[in-house]
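So, here's a batch of structures to check.
Two complexes come next, and they have one chain in common, chain A, joined by chain B in the first and chain C in the second.
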Partner chain A sequence: MFDYFLEGFGMALRLDTFGMMALGLFGGMLVGALPGFTTLMAMAILLPISFFLDPIVGIPFLLGIYKGGIFGGSIPAILVSMPGTGAAVATSRDGYALTKKGKSRKALDMALFSSVFGDTMSDIFTILMIFPIALLVMQFGPPELFAVLLLSLVIIAATSGSNPLKALIMMLLGLWLSFVGTDPLGGVERFTFGIFDLKSGIPLLPMLIGVFAIPEVASVVMKNERTKQLASVLGERLSFKEFRASFRTICRSTVIGTGIGIIPGLGQVVAAMMGYSAAKNASSHPETFGEGELEGVAAAEAANNAVNGPTMVPLLTLGIPGDNVTAILLGAFVAQGLRPGPQLFEEQGATVFAILVAMVFANLMFLVIGYFSIPIFSRLVTIKVSILIPLVIMFAFAGAYVFRSDSVDLLMLVGFGIFGIIAKAAKFDVMPMVMGFILGPPMEYAFGQTVAMTNGEAVNFFLTERLGAVLVLIAAPVIGYLLWRRMQTVTVTGH
Partner chain B sequence: MKKTGLQKTPEAFFTLFCVALAVLSLVFIGSLVAAPKLLFGRSLTAIAPSLFPVIVLSLLLVLALVLLLLHVRNPPAIDEGPNGLEGWRRGAVFFGIMTLYALTMVPLGFLISSAIATALLSWMIGNRVIWQIAILSLGAPVLLYLAATRLLAVSLPELNVIELFVARFFNG
Partner chain C sequence: MLRSTIKKTAGLLTGAGLALGLSVGAAMAEYPEKPITMVIPLGAGGSHDLNARVITSIIPTYLNQAMIVRLTPGAGGQKGTQEVANATADGYTLLFTHNYIDMLQQHVENLPYEPGEDFVPVARVNYAPIAVVVRGDSPYQTMEDLVAASKANPGGIQMAHSGNWGALFVPAAQIMKALDMQWNLVPYQGGGPAMQALLSGDADVTMGFPSTIAAQVDSGDLRVLATAGAERIYDDVPTFAEVGVAGDVGFMHRVVLAPADTPQEALDTLTSAFKALGEDKTFTRMMGRLGESIDIIDGPAYEAMRVEQSSAYKTLVESLTSQ
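Coming up: the complex of A and B.
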C-alpha cells in the first residue's frame, strides 16, 4: 500500500493537474456563487471535458469543481439567504443573520476555513482507510456483492427524501432503464423496441446532464427568477481568536461529516444538519444559534465538506456512488477506463492514490483561491440569467454530443430533461433512479452468478457457506427503516 | 370535509404512468426480451434474461399501486406549485427551443444551430439588449467550437464549408 501511495504522490505532482484543479476550483466557486446554479449542474456539464484529459488531470479537475462548488454555494446562502444547495441551508441560518449584522466577511471567512479544515481531515482519513477497506472487499463473492448493492439501494431510498415509497419506485424505474440494451449475462436484446440506437443501452452522460442539470435550469426559466439585491461584503475579516473559539465545533462536525460520507446515500444535507444540531446541543449558549452565531456557520460548513473525501470509499471500493455528484464521478472513472471496485486497487493502485493525494492539494489551493477571491465571487450574485442560461445549455449540448458523436444522445438529453422536470413537479426524486440505473447491471450480474453458484440448493448454500450475505439481506430493510426514521427527525426538526 | 378519490395531481399522473409501464412491460415481456441463447438445448446462463426484469417490474407495479391506493385514501392537496400556468408555458417554450437545437445541430452544424438557440433562449428569458444577444450568440459558439476542436481535439458537428475555412485559417 505504501509503495502505491508513494508512487501516487509522485504522479500527483504535475503542473497540468494543479492547473486544471485550480481551474476546476475557480469554476466551481463561480457556479456555486450564482443563485440557482449548482455544483451538480456544473459537474454534469463539464464532465465530458475530463474524458479528454489524463485520469490524473481530468478527475482532479472534476473534484476541484465539486469542492469549489460546495463552498461557492455558501456565498449566496450567507449574502442573500439563497442557498444554492440543500447543504447550504444550515449555513444560511446563521450566515445571513451575520450579514444583517454587517459581519458577512467574518461569516464567509469562517465558511472557508471550516470547509477547508473539514475537507482536508476527511481526505486524509480516506487515504488511510481506503486500502484496508478495499482488501476487505476483495474477499467478497457474488452473493456478498449482491447483498451490499441491495443494501446500498435500500439506504439510498430511505434517505433520499421524505417518502421512501416514491424513492423505491424511482429506483425500480432506474433498474428498468438499465435493462434497455443487451443482457449482461446472456448477451440478448431487451427492451430495445427494435431501435438500433438502443442496442448498446441508454448512455449515462445524456441521462446525468438531462435529469440533473436541465431541470434546474428549466426551473429558473419557469420561475422567471430575478436575483435579489446584493448585500455588499461588509465588516472585518475573521480573527484567529474567533476561529480558535469555534475549533472544537469544527472538529466535531468533521467527525460527523466523515462518518456520514462513508455511508452511501446520506450526503451533505444530513451531515450539515447533524453537525449544526450537534453544535447547538453542545453549546453553552444555544439560544444564539440562528441569530448570527459564527459557530453555526462553522458547524454546518465543516460537516458538509467533510463528506467529500469519504464518499470516495464506497465509490472506489465497491463502485457504489453515494450521491448524485459521486454518480457523475463514477461516469468519469468508467470513461477513463478505471472501473471502480476492489480490483481497481490491484490494477491501478498508484493512480487511485494520485487522485486522492490531489484532493488534499486541491484543499490547499482552495484555501488560497477562496481567501483572495471572496469579494469577486460575491459580485456574481447579480449576473443576468439571460446570459448564463444560454451558455449552460450550449455547454450541455456540446458535452452530450462529444462523447459518442451521436445526434440521438441530444434527443435523449432533451427527453431526460423533460422527464426530470415532470418528476420534480410530481415530487419524485431522480437521484434513486440514477443510482438504480448505475447499480442495475452489476446487481443483475451478481444475482445471476449467485443463482449459478447455488446449484439448485439455495437454502443449503446460503446457510452453510454464505451466512454473511444472508444477514446483510435480512438487515437491509431494518437499516433502511431506521435511517428513514432518523432522516425524518433530522429534516423536519433539525435535531 | 376532505375530498377523497384520485386527485388530478402530477404525483397521481406520474404514479399511473409507472403502473402502465409495469403492466405493459410485464404483459409484453415475451416480445420485449429476446429468447435466451441455447447450446444443445440448454440455456447458456443460470437465469433467463427476463427473470430479473420480471422481478423488478412486479415490484414496481406493487409499489406504484400501493402509492396510488394511498393517494385515493388520503389525497394530497392540489398544489399548482411555484410555477403556475405561465411557468409551464415558459417551460414548454424552453423545451421547444432545446428540441429545435437537438434536431438542427447535425444538419446545420454546431455554430449555426448554437447561434440560433442561444439567441432564442436569451430573448425568451427576457434579454432585450440586441448587442448582448449578438455577442452571446455569435461569440460564445465560436469560442466553444475552437476550444473543443483545437484544444481538446474532439469533434463537434459542422458544415464542410466551415470546417474547411477553420482548417485553412489555422493551418495557414
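Coming up: the complex of A and C.
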C-alpha cells in the first residue's frame, strides 16, 4: 500500500494537473460566489470536459471546482449576508457582522485559512485511515441518522441564544415549513391547499436569501444612510496573532467536521452548525458570537470543509455515491475506466492515491489563489451604498430565480424577506428556523425508514439491533439541558 | 502532456464556440433556428443529468444548434413535466424523462397534465435492465431460495429501494405480485444509499443496474439472483422471464418527449438527429465510458411501448392500492 502511495505521490506532481486544478479552483470560486448558481451545476456542466483529460488531470479539475465553490459560497455570505447554501449560514452570522465593523478582509481571510486547514487535515486523515473509515461508515443506518439529527437540532436550539424558548418556537416553525409539500415517504400532500406550486415544497434558496439578506438591506435603507458607505474602509488583513487565537477553535471544528463527514447523510450544514455551537459553548464570552467574532467564522468554515475528506470514502471503497457531488465524481471515475469499488485499490492503487494527494495539493494551491483574490472581492463593500443596495437586491432576485427558473420563487423571496424584517424587529433569531427547515426532511425520512425497518416490532428491534441509536436519543435531552444551563450562567455572569 | 491537455481543452472550447457560431449563422427559415432546451424533471448529478450532458455535447453536430439542459426537479418529476406540457409546441422545448415518471404517476395521483395526450415521444435514448442482488455472504444462493424464504416469512425480508414508485420500487412490486410473495419495502434516498443498506446488512435484498454494480459483483461482495428481460445478461444468472416474471418489468427507459402539437417537420429533424447520434463514434465512446447502453428507438415505435406500459402500471397500481 505504501508503494502505491509513493507512486501516486509522484504521479500527482504534474504541471497540467496543477494547471487544470487551478482553473477549476478559480472558476469554482466565481460560480460559488454567485447566489443561485451551485457548484453542483458547474461540475455537471464541465463533467464532459474531464472525459477527454487524463484521470489525474480531469478528476482533480472537478475536485478543484468543488473546493473552490464551497469557499466561493462564503464570499456573499460574509460581504452582503447572502448565504447561497445552507453550509454558509453559520459563516454569514459573524462574517457579515465583521463586515459591518469594517473587518470584511479579516473575515474572508479567516474563512480561507480555516477552510483550507480543515479540508487539508481531513484529507490527510482520510488518506491514512481510509479502510477503518469504510468500516465505520457501515455502522450508520436510518435509526442512527435520525438520532444524530435530533441531537443536532437540540444542540442548535440550546446554544443559539439567550432565549431558548424563542429559538425553540422558530425551530418548530422551520420544521413545520419543511412539511409543506408532498410527503417524501407516503406521497401525501401536506399543507399545499391544492396549490400545485407548493407540491414540491418550499425551496431553500429564496428562504435563505429572504431571511438573511433582505432584512440587512432593509435596515440600511430604512436608516437612510445615503452618503455613508456600508463599510467605508477596505479593512486590514488577518494578523497571525488573530489566527493563532482561533487555532484551538479551528482544530476542534476540524475534528467535529471530519466526524460528521463519516456519518453518511449528515453533510456540511450540520458540520458548520455543530462546529459553531461547540465554539460558542467552549468560549468564555459566548455573547460575542453573532456580534462579529472571528472565531465564529473560523469554527463554521473549518467544520464544513472538514467534511470533504471522509465523504469520498464510500465512493472510493464501495463505489457508492453518498450525494450528488460524489455521484458526478463517480461518473468521472467510471468514464476514465476507473471503477470505484473494492478492487479499485488493488488494481489502480497508485492512481487513487494520486487523486487523493492532488486533493491535498488543491487545498494548498487554493490558499494562494484565495489569498490574492480576496482583495478583489472585498472591494465590493467599498461601492457606494446607493449603488450597492440595488446590486444586492438584483442578485437576491436573480439568485432566487435562477435556481429553478420558477417565478413562484420570487414571491417566496419577498414573503420570507418581509418575515425576516418582522422577526428581526421582534428579536426572533431566524437561524433555528432555517436549521429546522433544512434538517427536518432528512430527519423525517430517517424516522419513516426506521418505522418501515422495524416492521411492527419496535422494542425488539431497537433493544437488540440498534442500541447505539437508543443511547443517543436518551442522551439528546440531557445534553440539551446541560448546554442550555451553561449558556445561561455564562451569559448572565458575562454581562 | 501539458501541451496535449491544453490542446484537448482548447479543441473542446472551440467546438463549443463553433456550435454557438453556427447557431447564429444558421438559415433562419428552417427548424431549428435557435437553441433547443431540454428539460430534465430530476436533480443535478443523477444518471439523467449525466446522460444529458453527453447528449447535448454531441447532438449540436447534427442539429446545427446548441441544446441546453435545464434541470427542473420537484414533486417527483411533475414540476418539470408540467413545464414542458405547458410550453409552446414549437420543437424548442423537450423533456428528458423516464417511463416511471412518464407513464406510472398518472395512475397514482391526479396530475396537472395528461401524459398520454400532452406529449409525443421523440426518441428513446437507451434503457437499463435491473438486477436483483443480495450480499455475497447471503444465505440465498438463487432466486428460488429468496422466493421460498419470502413466502415462508411474509414481510420478513427487507428490500431496500430508491423511493416510492421509483425505478427499484416498481419492479419489486411487480415481482412480488408475479411470484405471489411479500417483501418489507424500505425506502432510501436513491439507489446508492439503498445499496449501502444492503452491504451494511440493514437490508436483505435490493436492486441495481448492471453498470453500477459491476465492481461489487466481480469482487464477490454482491450476488446477482436475476436480471430483467428475456435475454441473459450474466451467463449463469436467470432472467426475470425464467423465474416467472414476464413482460416489460424492470427496465428504465430514458426517453425524450415533446409537447403534443409539435410540428411534424421539427419532430422529423429531431428524430433523424437522434438516429445519427446513436451512430456517432464519440457519442458511443463517451456513453460506453459511463457504462450506459445506446438503443435509439424512434418516436412512433416507443409510443406503442408507452401504451403497453400505461396499462401494465394501471393494473399494478390498482392491485397494490386495493389491499
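Keep in mind that, in the parts below, the second predicted complex is superposed on the first by the 273 of 495 C-alpha atoms of A that agree within 3 Å, B and C clash if a C-alpha of one lies under 4 Å from a C-alpha of the other, contacts with A are read in each partner's own complex, and residues count from 1 in each chain.
Keep this in mind: a residue touches a chain if its C-beta (ideal position, glycine included) is under 8 Å from a C-beta of that chain, and two chains touch if they have at least 3 such contacts.
Note that the coordinates shown come from a computational prediction; the quantities given were computed from them, not determined experimentally.
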For A:245, using the defined touch cut-off, is the partner it touches chain B, chain C, both, or neither? Pick first, second, both or neither. neither
Just to be sure I read the superposition right, which of the two partners does A:413 touch: chain B = first, chain C = second, or both, or neither? first
If we overlay the two complexes on their shared chain A, which of chain B and chain C does A:452 touch? Say first, second, both or neither. both
After superposition on the shared chain, which partner residues are touched by A:185: those of chain B (first), chain C (second), both, or neither? both
In the overlaid three-chain picture, which partner chain does A:138 touch, first (chain B) or second (chain C), both, or neither? second
Let me test your reading of the model: by the given contact rule, A:13 touches which partner, first (chain B), second (chain C), both or neither? neither
Pick one for A:368: touches chain B only (first), chain C only (second), both, or neither. neither
For A:169, decide between first (touching chain B), second (touching chain C), both and neither. first
Check the residue A:57 against both partner chains and state whether it touches chain B (first), chain C (second), both, or neither. second
Touching chain B in one complex and chain C in the other: list those residues of chain A. 48-49, 52, 185-187, 405, 448-449, 452
Which positions of chain B touch chain A when the two form their complex? 9-11, 13-15, 18, 21, 25, 32-37, 43-47, 49-50, 52-53, 56-57, 59-60, 63-64, 66-67, 70, 81-83, 86-88, 90-91, 94-95, 98-99, 101-103, 105-106, 110, 114, 117-119, 121-122, 124-127, 132, 136-137, 140-141, 144, 148, 152-157
Contacting residues of chain A [partner chain B, same complex]: 48-49, 52, 165-166, 168-169, 172-173, 175-176, 179, 183, 185-191, 193, 214, 218, 221-224, 384-387, 389-391, 393-395, 397-398, 401-402, 405, 407, 410-411, 413-414, 417-418, 421-423, 425-428, 444, 447-449, 451-452
Would you tell me which residues of chain C are touching chain A in their complex? 1-2, 5-6, 8-9, 12, 43-46, 49-50, 53-54, 57, 69-76, 78-79, 82, 108-109, 112, 155-156, 158, 163-165, 184-189, 192-193, 195-197, 199-202, 211-212, 214-216, 218-219, 221, 286, 289-291
For a test of understanding, state which residues of chain A touch chain C in their complex under the given definition. 14-16, 19-20, 38, 40-41, 43-45, 47-49, 51-54, 57, 137-139, 141-142, 181-182, 184-187, 196, 199-201, 264-265, 314, 318-325, 327-328, 331, 334-337, 339-344, 404-406, 442, 445, 448-449, 452-453, 455
